[in-house]
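By written order: A, B, C and D. Residues from 1 in each chain.
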Amino acid sequence: MRFKPSYAPGPTDVRENVRLALAKKTNNTDFDKEFIQYYHEVCQKMGKVMGTTNEVLLLAGEGILALEAACASLTEPGDRVLVLDNGIYGEGFKDFVRMYGGEPVVLSFDYQKSIPVEEVRDFLEKDHDFKYATFVHCDTPTAILNDVSQLSPLLKEYGILTVVDSVAGMVGEPIDVDKNQIDICCGGTQKAISAPVGLAIVSISDDAKKSMNNRKTPIASYYANLQIFNGYIEKGTLPYTMPASTVEALEVALDNILNEGQKAVYDRHAKIAQAVRKSVQDYGLSLFVESGASNTVTAVIIPSEIGALRLQNHIQETYNLYIATSLAQYEDVILRIGHMGENAFTDKVLSVLTVIDNGLRDLGFEGKGNLGQLFLDALREEN
Amino acid sequence: MRFKPSYAPGPTDVRENVRLALAKKTNNTDFDKEFIQYYHEVCQKMGKVMGTTNEVLLLAGEGILALEAACASLTEPGDRVLVLDNGIYGEGFKDFVRMYGGEPVVLSFDYQKSIPVEEVRDFLEKDHDFKYATFVHCDTPTAILNDVSQLSPLLKEYGILTVVDSVAGMVGEPIDVDKNQIDICCGGTQKAISAPVGLAIVSISDDAKKSMNNRKTPIASYYANLQIFNGYIEKGTLPYTMPASTVEALEVALDNILNEGQKAVYDRHAKIAQAVRKSVQDYGLSLFVESGASNTVTAVIIPSEIGALRLQNHIQETYNLYIATSLAQYEDVILRIGHMGENAFTDKVLSVLTVIDNGLRDLGFEGKGNLGQLFLDALREEN
Amino acid sequence: MRFKPSYAPGPTDVRENVRLALAKKTNNTDFDKEFIQYYHEVCQKMGKVMGTTNEVLLLAGEGILALEAACASLTEPGDRVLVLDNGIYGEGFKDFVRMYGGEPVVLSFDYQKSIPVEEVRDFLEKDHDFKYATFVHCDTPTAILNDVSQLSPLLKEYGILTVVDSVAGMVGEPIDVDKNQIDICCGGTQKAISAPVGLAIVSISDDAKKSMNNRKTPIASYYANLQIFNGYIEKGTLPYTMPASTVEALEVALDNILNEGQKAVYDRHAKIAQAVRKSVQDYGLSLFVESGASNTVTAVIIPSEIGALRLQNHIQETYNLYIATSLAQYEDVILRIGHMGENAFTDKVLSVLTVIDNGLRDLGFEGKGNLGQLFLDALREEN
Amino acid sequence: MRFKPSYAPGPTDVRENVRLALAKKTNNTDFDKEFIQYYHEVCQKMGKVMGTTNEVLLLAGEGILALEAACASLTEPGDRVLVLDNGIYGEGFKDFVRMYGGEPVVLSFDYQKSIPVEEVRDFLEKDHDFKYATFVHCDTPTAILNDVSQLSPLLKEYGILTVVDSVAGMVGEPIDVDKNQIDICCGGTQKAISAPVGLAIVSISDDAKKSMNNRKTPIASYYANLQIFNGYIEKGTLPYTMPASTVEALEVALDNILNEGQKAVYDRHAKIAQAVRKSVQDYGLSLFVESGASNTVTAVIIPSEIGALRLQNHIQETYNLYIATSLAQYEDVILRIGHMGENAFTDKVLSVLTVIDNGLRDLGFEGKGNLGQLFLDALREEN
């Protein structure tokens, strides 16, 4: 397969030292104490990056497994679960809840804005009988960011556990699991962490553990059951064979982040994202998000006479470059520029913006100036 | 982590060209048609190796996910399922059946012998009202091989679908899915295929698909739901982000197998396995299996005054080499020598046998001759 | 060391499959017949790319070793050698000639133009008593290209052997060793071949071999003595340990070239080079070369109030990108944009031109338009 | 090419982290200050491993280039040079001396013993008018070790510069350049350092530099001229393009050595070598060396009715493993077992000895016991 650079909001570029770590020979992973200790250390390093001393687990699967595992492990038949919805993934949680016998209560908001904290508070005053609540940190299809630092503590005030999907948020945006009192925080390796696909991440608070331990019914899954990891260190064995190469690669990616410094990584994302948003607007296009744009991805509205899908196809065919549109109702409306993790660097964003500029011109759009140059100019103004 | 060669029955050594394939940059995997086409081609190549034109899926997870997905996708509440049991994994299927609401009927046999086909026939004459049956091709903890070519057709005679766990069998032993009429055949990448851990393999027959399509209740899982892949080519999207590196590495591993020739690979396994079994016995130790030994792994009984666990520890500490014991009741009784896939080569087996010989001597066992040399002599006799 | 993309005229980017070939385990290289056969095959593949069935040798060293080896092996004390000079490397040959006891006669021409074939013809009519003549295919410091197809046959008419330095020419520009009757053609792996540094390349005609065999004095060097390779296949041994990894990597790079097709590679270089030259001029800068610009590198005159060195430094510090200036008297005058081998791709050239544009603006230069966009526009016009 | 493990005395196995370093993208090497600084640091690290603060240079070539460069740079026409000869490489120095116009005086000794220091002293008392002397640390074709700690200081007493070929010695045996007052110490990357082939190593004392600076005639070579590196840091440029990948790989190999600890590395070589020598003799074969065996390689006399070449061939064909015989008059007499650098590990030596044992048996030799086991037993006795 010919390599085609991708500027989708994940999977992101994987840095050379991370890719080369994948090529190393690996030790037996099933019963070898050294590996089990190593796995534990990488989990803790992951926790450090997430801002938590809670137990962190790496599941052998894609990020969505983390979401299912959280719901599978917490939900018992009949449990009421509050699903906060201002985006496609946000709403999607209701399916996992239902699948495991829970009763989702979906609270929906404007998809072009962050979840309004005050409206949630008003709702909770009237009804707060929920075992747990779910929401998404960054809902990628629309590039919206929700305010974890307010939502999660608010829910905890009412004794409601929180499950947060930060797959496309963590590392690009602060998540601070402990400070924000997130009970189960879900992540994936292939977004802003810029490690290979293949590990789903969950952190589990003591409250969440207590809730699982107090279940009256067994968890109706093995692969999505977080309790199969219980006591793995003492037992000296993991519940299944771990992808050791991916664990080693993840560690290198985490070291890259820690070596750069998490503050520096957040700043890099913020600078790039602001310049992208400014340049796109200076150029004459509109953003989908009205308030609360994520620094990991930007959703740009493509005029209907051009169409996001047509632009995407044209760019693939003419410039051998992959850009994502959105999902569902937004598929032909929104073009998404991913700028998270290893993709949040000036040269890469310059490349993709130059291509988008040329692609749009090819299809008849008249931008105001050169999009790449507008981006560089916007970056320069920030300093 | 210091590298420690492992002769467990998986994960096996991954050949250099497969490991280096992991280090390549990968394309976007979510919506890119080229990748989806590529994924499909690797699935078909996997099918070729398994001897089937059935649909083959690669799930982003460890081999056990294949087993769970088969049971999750087939089982509806109340379904009767026949669980053929002559080993630890064989018996374990009952848990998956129960988890998804089925009623497992466990038919147990001597753990030191292959499943006796005639006894199964006798049983079926009396009771054959089962939606599907499960059994294991090679049950690794005890190194037993079951005769797929007889069991699966027999069950099909009675209209019973078959789910076969060939995780530790396929590639090392013929599986011939189509010839043997296996409805769902499960595999993993890290055993005799000698690709990295991280993909679970299932082939799905038309009968199995029909059965899933005729369900009256939804499948109670997303990650273990085989139907989420339905129509992925037409839709132009996979249900979640695939570990593209692992898919590429798997393809290289499959090419290695096809280039060597499947017949040659089976012969290599058979020769090595026979020489291992002969040399171990000539040396003065006994095999666990009385009839039906698998060519992928050998289970050796370690005298109780030495103990398999003590020998394993001694060898790890003194010779920096990992050998597996067994599980559960056999943990301290059986030492397992894995000789599957990339580990089924003379030099590697010679290494591990020489170390086992020295390890046993260190602990006071008096073998008859030099175990490594006995192995080489046995190999020579075979030719 | 932090990675810094380089757009110097070599070493060029090395494609991923070539770099990964370097990571493979290698066989013993000294006496192993399989390796010696392999080395020979790679030499022949190199010859295919150079358009010759002459013997080709890969010497374990940098490209300059090829030049020295040619002169060391041909020159005997007192030999008259014609040195055609229209560039820094062209003139430099006189030092090698002198070092090995020869008497160089330097014929110098305008450095901004290709060597004028008619003037050489006029000179030869009067004086053609030379053992051999030297000239450079592409003299990188000034980006000038000489017409091998005329010069070499002309010299052969007079019975003069030709030594051609095509280190920075071959693969990017046709060299056609046999058609052009080049006696010793010199190359390096790290230019348009885009393999790792570490092998010097020479092809040796029968006439050149005869000349070496007829020497009256021994060659005054071992490492630069081409005769130490005589009969290496029959002897079953090479004169010293070859860098096996680099030989394997070179083979992959040659396969990349042959798979793309040599004609397609030349066209790619031509298209990119023309667009670079046009866009630089449209932007308001001048080229150094008046006639005979090479398609592998472009020499741009930087206004003295800015200075090539200052621009180079500014770009390194501000944009983390390496661009070469020139050598000697041109060091602060010429900026060189390398676009050979793996660097001759639109996206890479777009990157470097965009950075140069911004760098020049930062230092007060007012370009006419956006240099990157001018390049894309020029490319588009070509089609 | 099929991979064939080699137990020749170099090139040795290259550890995985060193090989993977080769696969990294590299920076421009010619004029980039960061690379030049990096090159300098790796040279210094190389010096640390050699026990010297003298300038160390890495030349882009095979080890033999170091020897030629030392002689080319020191020798002026008519210079008398003392060549100490107790092995094939030892004697070979005379050719380099002559090639550059010097007058070699060859002092030859028994090839089965270390150079007798007292005899050298006696000779020097009578004749010590030499510009420099040459000798070999470990002469690999016969596996002999010379006592650098005595020879070099003795020569310096008489004001004679010393050129020591430690290509096959350093890292496996202490070289201590400064303590032993070696003026030019020569090495290669592919022996006990276990880095890839491709860099020749020289350390140059101030006395040697003075001698070069005081030359009356120019050095008759470019590639073998050590003075072309003069002032490379100040100039900000190296004399030719360095193989950056190999420099990076060398650094990783040096880090491996320093991390293990040089004392530990010497001990590892000593233990392995002693056990090899003991086991070979216990088995019933004789060593070539009577006194002064090197710990990096062992020369075993193969009975003439078998023949070293026949044994070598048989082992290659039957066991796919490469073992070296010797050179010249010893080619069919001596089998050499390399156990230096990454090859000086128990499992690897066990492998090769087991194969040699079986190979000898196949050809009719009756060894006393199992050679691999004798080696393990000998190792055990050492502790």
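Note that a contact is a pair of C-beta atoms (placed from the backbone, for glycine too) under 8 Å apart; a residue touches a chain by one contact, two chains touch by 3 or more.
For each chain, UniProt lists the protein as follows: A, B, C, D = Aspartate aminotransferase-like enzyme.
Being a predicted model, the structure only gives us computed values, none of them experimental.
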item: Neighbouring chains shared between chain C and chain D, ordered by label; value: A, B
item: Fitting chain B to chain D on CA atoms, where both chains share a sequence, rotation angle to nearest 5 degrees; value: 180
item: Distance-maximising chain from chain D - centres being C-alpha averages; value: A
item: Gap in Å, rounded to a whole number, between the CA centres of chain C and chain A; value: 48
item: Centroid spacing, where centroids are CA-atom means, of chain B and chain C in whole angstrom; value: 54
item: Set of chain A residues in contact with two or more other chains; value: 3, 16, 20, 23-25
item: Complex contact set, residues of chain A against chain D; value: 16-17, 20, 23-25
item: Interfacial residue positions of chain C with respect to chain A in the complex; value: 3, 5, 16, 20, 23, 347, 350-351, 354, 358, 370, 372-373, 376
item: Chain B - residues contacting chain A, complex; value: 1-4, 6, 8, 10-11, 13-14, 19-20, 22-32, 34-35, 38, 60-65, 68, 95-96, 99-100, 188, 190, 196-198, 218, 220-224, 240-246, 248, 316, 322, 324
